[in-house]
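What follows is a pair of complexes built around subunit A, which joins subunit B in one and subunit C in the other.
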Partner chain A sequence: MLRVKRSQILLYLLPMLITIAVINLTPIGYTLYLSFTNNTLFNGEYNFVGLTNYSYWFSVANTDLLYVIGNTLLYVVVCIALFLLVGLATALALNNQKIKGLPFWRAALLVPWATPYAITSLIWKFLFNYDFGPINQIGRIFLGPQSGIPWMTDPFWAFVAVVIVNVWLSYPFFTVVILGALQSVPSELGEAANVDGANAWQRFRSVTLPLLLPAITPATILSSITTFQMFGVVYLITAGGPVTSADKPGATSFVMIYIYNKILGDNAANIHYAQIATFAVLIFIILGSVTFLTRSLGDSKESLA
Partner chain B sequence: MSKNMTQTQFKQPVSNQASTDAHEYAKYRARIEGRIRRRKAVAGFQSALIYLFLTVMTIFALFPIYFVIQASLGGNQNLYSTDLHLLPANPSLDNYVYAFTQEPLLAWLGNTLFVCGFSTLLGLFCSMTGAYALSRFRFRGRKLSLNLLLVLQAFPALLAISAYYYLLQYLNLLDSAPLLGLSLIYMAGSVVFSCWNIKGYFDTLPVELDQAAMIDGATQWQTFWRVVLPLAAPALAASALLIFVGSWSEFAIANYILNANDNGSNLTFILGLVRLQGDFRTPWGYFAATAVITSVPLVVVFLFAQRFFKSGLTIGGVKG
Partner chain C sequence: MLSKRVITSFLSLAVLCALLMSACGGSNDTTTSSGPSNQPETITIWHNWQGDYLNAKKAIFDAYHKQHPNITIKLVQQDQLVDKSITALKGGKGPDIIAWADDSLGQLAASRMVVPMDKYLSSDYISSTFTPAAAKAVTYNGKIYGVPETTEAITIMYNKKLVKTSELPTTTDELLAFSKNFQAKNPGKYGLVWDTTDAYFNAPWFYGFGGTYVTEDGKVGLNSEKSVAAAKYINSFRPYLPKQITYDIASSLFTENKAAAIINGPWSYSDYATKAKMDIGFAPLPKVTANNNTPAAPFVGVKSLWMTKIAKDPATVADIMKFYTSKDNQISMIKATGEIPANAAAAADKAVTGNVAIASYSEQAKAGNPLPNTPFMSAVWKPVKDALTASWSGSQSVENAMNAAQKAAEQGVKSINS
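Take a look at the complex of A and B:
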């Protein structure tokens, strides 16, 4: 390690320290502060109200918190399962040396990764359009002119739609991760299992999969966290809708979208900034502890060395 | 394939020696050949299935992109028209000409490039100096700050969006230079991750390099700038790419901070696109052409920088 003057250390740290203090910590501190007040759009002269906002979110009558978090977790589980399934299937197919034209298939399958998600979300939104979207139009060729899936108006189909788009966007990452791991599995291992009389499934289950896990696990954790905080894709497609009843958040109102709609005013006349800040603090606590846990479970020794 | 190869090669000579009866040998041969034929059929069926799967996945992967490109080359069909087009009727570049001339597209791209470029440069500078200090120097509070950075990384800026609004208002950026304010927010949001990533990469470079450079008379800054940074180029490129790509598509904060003027020329392109799509009169071809034009720079950046991706991200020890 280098021995330098303390002032010099500070000089190197200063740009980052200023950035973090002013732009990262101040808003977080302000949000935390707001969560203990009764600040609303119409209440400029607000004061401390203690834990009132926290008890608001945990009160029995208020089911939003549980509903939104539960819905988000369902989304995370469904998406991650499909990422793994599609990623694994594509990686196994691309790892098969008998397949001709591998570079083409590889490039074609990774295309969604290289496109800006915001634009492709808008394109998908159009593809899902009930009357004019090509998905329903192609469906009508086969199923008759009256058919069509209400992608954007039915809670179930809206959920399916944002799952499809997220899978489209994210499976290439898993393909790459799993393919990389597959290629580092020595082929002798499979052959040895072969000689021992293992069939294809047994070979996969007991030889390949255990060797893939070290690559898959961190990718899965990372993806779960980012999917939990997913905003752009879902918001651009459904904006959190469809809303089926006035006192329940929309079917695709995942945590970030829920907060965003609340801050933009939703349908409420008075925006309750303090309550929204409290919700944000609660989500932060969840995300912070999950991140910290997975980090320290992982290779804390290596990362902190 | 390797399975039946090893077995037939193994068994045939054995049975050749063992069987003296020609009739039995023929029976044996027929059995083996039958088995090989069946295996070949199964293998053929398997690869047919794999091709089918790859074809379906390729259609899934490419359809949205194919659809938008063909629409951008087609006539100016309305965004909401009932006839299905899978091939452009009269291919032309009219939509592109329109997109460049009639929409504030260049202004959107300029704004977006400014926001992305500024946040990338500034974010890279802040994170690489900080990462160097965290990697090379030992001081009190070092471990604490590394852990604090981790917790910070878990905090999406979106959660504190109204606080950011007040911050920009307080800094007098909200009305005078909202794009600058926006890039500051993006920059701060990415500093944490890039700092960890670059620090991890610095850790893999032996500190003896720095010591040797300093014995040769380099100052601390020269050592950092001329010796260590060039060696860490993959990590810097990967971090820069992530900041750039992240800012390129960000919608939520931009939508909250930026107020559109009359023709929307002060927006980033994603807000412009949303505006365009929200308008019922927008011809689908114009929207498609605009979407293609605004995607191209990012795809180019991505293709250019992706070779740094693997080493720059994995060596840095940023895992999950």
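Take a look at the complex of A and C:
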């Protein structure tokens, strides 16, 4: 029998642990450190300033933090709700016995999900153009030449546009996950409920859905986090715009886009690295606690059941 | 047995560490010599030259490489050039030379991303070789940061197939009427197109109406009466231009013969004239009716090459800069690009003065204002752009938009001064 000392295990793990520490923890530690300094592009200093940067984000004059986080949360909620709804609907449809060629549909569904998002985003951006985009062009055939939805220039429609694109990109993932779970639900359970006199809705509500939850819950939590940190798709379509006022962030400036625009967007004058680091730390705290909460809530539920 | 295992594990650990160290450690060789080096080396230039315009510039660097086969010049095109350069340089990477318009020099110099080159380029050399405005543009706080390449200003270019010279407007009121009438006569086409949300492309109106963006000492003038009047004038074009207008859309409308005229600069000329084979005419920007017929005043930018803080071999960099901006090279370049050379001897040459495109651009530049190279400019571009975007889309009134821009720009200026 192979006997290994505990210290030896640690020794073998050490290179990997060091790598993780260097690659993952250093940037986090550096950001944390930065958030307590006065570092900007021009001064290049690292003087300790205490909590000044933190109070900046909570000052009355600055409403960016609440606006950006609120806007992002709204985006997450809307997107996730639609992911689930559309994903569930397509999965239930595909699970029907009468559907033929299931492998084909499953592969077809994965196409939007598997296409590089940079390409799809740019195509959608073109589709949404007010004057020359195909969506509005087609609309004009039916509604007259003066009509058109201001997809990219109106704050509300821009929000709708980035929701549409994100749902189009992500719902197939939910479809596949839910479809997999559906097919593992024994049909006898449904038949038994049928014998007991349950109608279609009751069968779905009380038999199928509870059995789907273990598959849906982790997918939802993971998707929420990635949607919260959504960058590429939205940035490529709206770049955080449309701007409704020069002293406010744009209507689709979600957290990551907001940070990016502050550091790298159009010329941002004297880039205040310390303040932006503080913003990132605050987001990290919020995201971390939400994740922790949902995890512990999910655990307690399972232990109850 | 056990000890052997410990030794092997230590060994593997040591190998890993060594790998890590060698990957992280950089080489820092320092060469101190004047003139170009004899060692093989690569000089990287980050730029945003495009299309045919780029080819003419690349030819000069290729010629340099032929004379000095040991020196390879790598041209890398970057959008958001200044921001990307800052990010890269902060991490000790990036280009040896940045090629961009002089308005960014203040920001880059104040943050020590580009460094003075007085040792290699004397101020005597700069002032005797280049035109006065160009020489001034590469000087910041009394130090020389590189060489000026060309000066440029935007003007009106028109498609001779769609519009006659006599029909072209000469005042702002006529221009508005021209856009309106042209569209009425040619449904689906546009009179004059330009990016109505960009701060650089709309500067002619702001300064023509008597307004300012920011003064040299950092006073923001975006919500002054005159600036607001200019923004209102821009907004009066809303019915006659696409709702969602960008530089690219304006440019493709023009090349697809869907727009009679465009406001654009020398960088686009060869694309229109050579690539799209259009018959291009030039017209100066109109006089501003509301401001006693003062001509609209575009920014006159000086495209420059600066040396960054990571450049290891300033002597070679200086030599490349001198070669690139020499009289002969400039003349052969501007034949293709239609730019106004910064080299004084080249600017006085017949090949330049006799060229219609260059003559038109330099005529327009005479009405313009030099693009300031103070860092304050970097605080103004985005607020102006945001305000013009918000008022063009209709989400804000012009007054509110300019007030918000004033606030945002003042904050930016404050952050620079602090």
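Heads up, the rule we're going with is that the second predicted complex is superposed on the first by the 263 of 305 C-alpha atoms of A that agree within 3 Å, B and C clash if a C-alpha of one lies under 4 Å from a C-alpha of the other, contacts with A are read in each partner's own complex, and residues count from 1 in each chain.
The definition used in the following text is that a residue touches a chain if its C-beta (ideal position, glycine included) is under 8 Å from a C-beta of that chain, and two chains touch if they have at least 3 such contacts.
Quick caveat, the model's predicted, so the values are computed rather than measured.
Of the two partner chains, neither subunit B nor subunit C is touched by A:186. When the two complexes are overlaid, the chain among subunit B and subunit C that reaches more residues of subunit A is B.
By the document's definition of touching, of the two partners only subunit B reaches A:124; subunit C does not. Touch criterion not met for A:50: it reaches neither subunit B nor subunit C. Touch criterion met: A:241 reaches subunit C, while subunit B stays clear of it. Contacts of A:153 after superposition: subunit C is touched, whereas subunit B is not reached. In the superposition on chain A, A:116 makes contact with subunit B only, while subunit C stays out of contact range.
By the touch criterion stated above, A:40 is placed in contact with subunit C alone, subunit B being left untouched.
By the touch criterion defined above, A:24 reaches subunit B but does not reach subunit C.
By the document's definition of touching, both partners, subunit B and subunit C, reach A:132. Shared contact residues on subunit A (touching subunit B in one structure, subunit C in the other): 8, 12, 14-15, 129, 131-132, 263-264. Residues 5-6, 9-10, 12-13, 16-17, 80, 82-84, 86-87, 104, 107, 110-112, 242-244, 249, 375, 378-379, 381-387, 389-390, 392-396, 400-401, 404-405, 407-409, 411-413, 415-416, 418 of subunit C touch subunit A in their complex. Residues 1-3, 6, 43, 47, 50-51, 53-54, 57-58, 60-65, 67-68, 79-82, 84, 86, 125-127, 129-130, 132-134, 136-139, 143, 146-147, 149-164, 166-167, 184-185, 187-189, 191-192, 195-196, 200, 203, 207, 210-211, 214, 220, 224, 245, 248-252, 256, 270, 273-274, 277, 284, 287, 291, 294-295, 298-299, 302-303, 306, 310, 317, 319-320 of subunit B are the ones touching subunit A in the complex. Within the complex formed with subunit B, the residues of subunit A that make contact are 1-2, 4, 6, 8-9, 12-17, 19-20, 22-28, 30-31, 34, 86, 89-90, 93, 96, 98-99, 105, 108-120, 122-127, 129, 131-132, 134, 137-138, 141, 168, 172, 180, 191, 194-195, 217-219, 221-222, 225, 229, 231-232, 235-236, 256, 259-260, 263-264, 273, 276-277, 280, 283-284, 287-288, 290-292, 294-295, 298-299, 302-305.
Only residues 8, 11-12, 14-15, 40-42, 44, 129-132, 148, 150, 152-155, 241-248, 263-272 of subunit A touch subunit C when the two sit together in their complex.
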